[in-house]
């Protein structure tokens, strides 16, 4: 059976437990499920953040995530993958992104989830704008995110 | 603030979303939450498994998990950690173990969750007995689990 | 050819896309960026640091030396900050 | 001194703990295992492969050469299979 893949980009919040259940229910070959949830933080680089607005490139964002999920499926023995990325305005504590990976064993699930998050950070066409006390500003890309994504090339 | 730690060993099932909420709600310094859920598989080594019974060493199990959580807290900048391990009889698809780690950034949350799972597998005093078509048998420890735990010593 | 803009590139230009037929000597993404930067002050502001601009052709990431011949959609944007 | 057994060690012995005062020449965990293995057939079966037996003293993992002097609780069990 081909591993089921769910990719969604949406304004609405998501339910972590429901997504984990949807991907693992009734599939007794799954022994390990790893979830990563990214949350909007109230401070960044020492400055208070009132809100984030997330913009994306419709069409390419889904396609780019799909390409990376396919890479993960080719690389690790995964049973299922779900990626959900929210867009729009979010406030501190709000969920931004969810990656769920399932496998028979934990190593594959952990590695694939971390790989997908590293690639999402560096390559998926999303942009964050912060509302701060000193005005509003686009978040700068971090070099360490490029480095985190690049380490998967070497292995 | 010291990172809140929750450790529970219980017969009852757990609710992943409720545990993630309990650990992250209202804490806007958390940017990343990683969860690992271990599930009872219906096959192991090619043989059908009807059920698992988990036995533990009361007192030592909690203490041993706490020691490893403390090691993780000293090693990574974590905001919170939850570990729940079920005992008793479980059937395929049932949840066995939950590890949740929270941090400002994803690398610490991923590394700590993987570290804790590797240590739980190799060092926490729990034992699994499988009910199979050919009778009932204690699960043998895997050398690769010892190797997975040992790799954290070198770093 | 449709050219799409995102994030602060979009904001500085003041719109989210254009339809262009660039002259024949504009062969690569990098040359397209240089050509756009000369249109007016808004485009000049959007592309004042061409080395930080990222690009996609038909929704796949490309480098500045990628040829634009045959492209239906070119997108120009800052480094991504998703996840 | 309380000695606790888990998993198949417990099953082969047929109980989950004993209270013992081992003789003075039994100084280490390894010597305790050897002494127990001579008690009867059940203990002998539980400890027929002493090299796979894991041990804890007062709820901390120890090696076979750990001294048992002063221990309140010694636990003997197979390799762990949790998680």
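Letters are used for the chains, namely A, B, C and D, taken in the order the chains are written, and counting of residues starts over at 1 for each.
Here is the rule we go by: a contact is a pair of C-beta atoms (placed from the backbone, for glycine too) under 8 Å apart; a residue touches a chain by one contact, two chains touch by 3 or more.
Keep in mind the model is a prediction, meaning the values are calculated, not measured.
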Partner chains shared by subunit A and subunit D (touch criterion as defined above): B
Greatest separation from subunit A - chain, by CA centre: D
Cα-centroid distance, subunit B relative to subunit C, in whole angstrom: 48
For subunit A paired with subunit C, centre-to-centre distance based on mean C-alpha positions, whole Å: 26
Cα-centroid distance, subunit A relative to subunit B, in whole angstrom: 22
Euclidean distance of C-alpha centroids - subunit C vs subunit D, Å: 72
Of all residues in subunit D, the ones touching two or more other chains: 83
Junction residues of subunit A, two or more chains touched: 38, 106, 117
Chains touching one another, given as label pairs in label order: A-B, A-C, B-D
Complex interface listing, subunit C residues touching subunit A: 4, 6-8, 56, 59-61, 75, 77-83
Subunit B partner contacts - residues on subunit A that touch it in the complex: 15-18, 20, 24-43, 92-93, 104, 106-107, 109-110, 113-114, 117, 148
Touching residues on subunit A, where the partner in the complex is subunit C: 38, 54-57, 59-61, 63-64, 85, 96-97, 117, 120-129, 138-141, 145
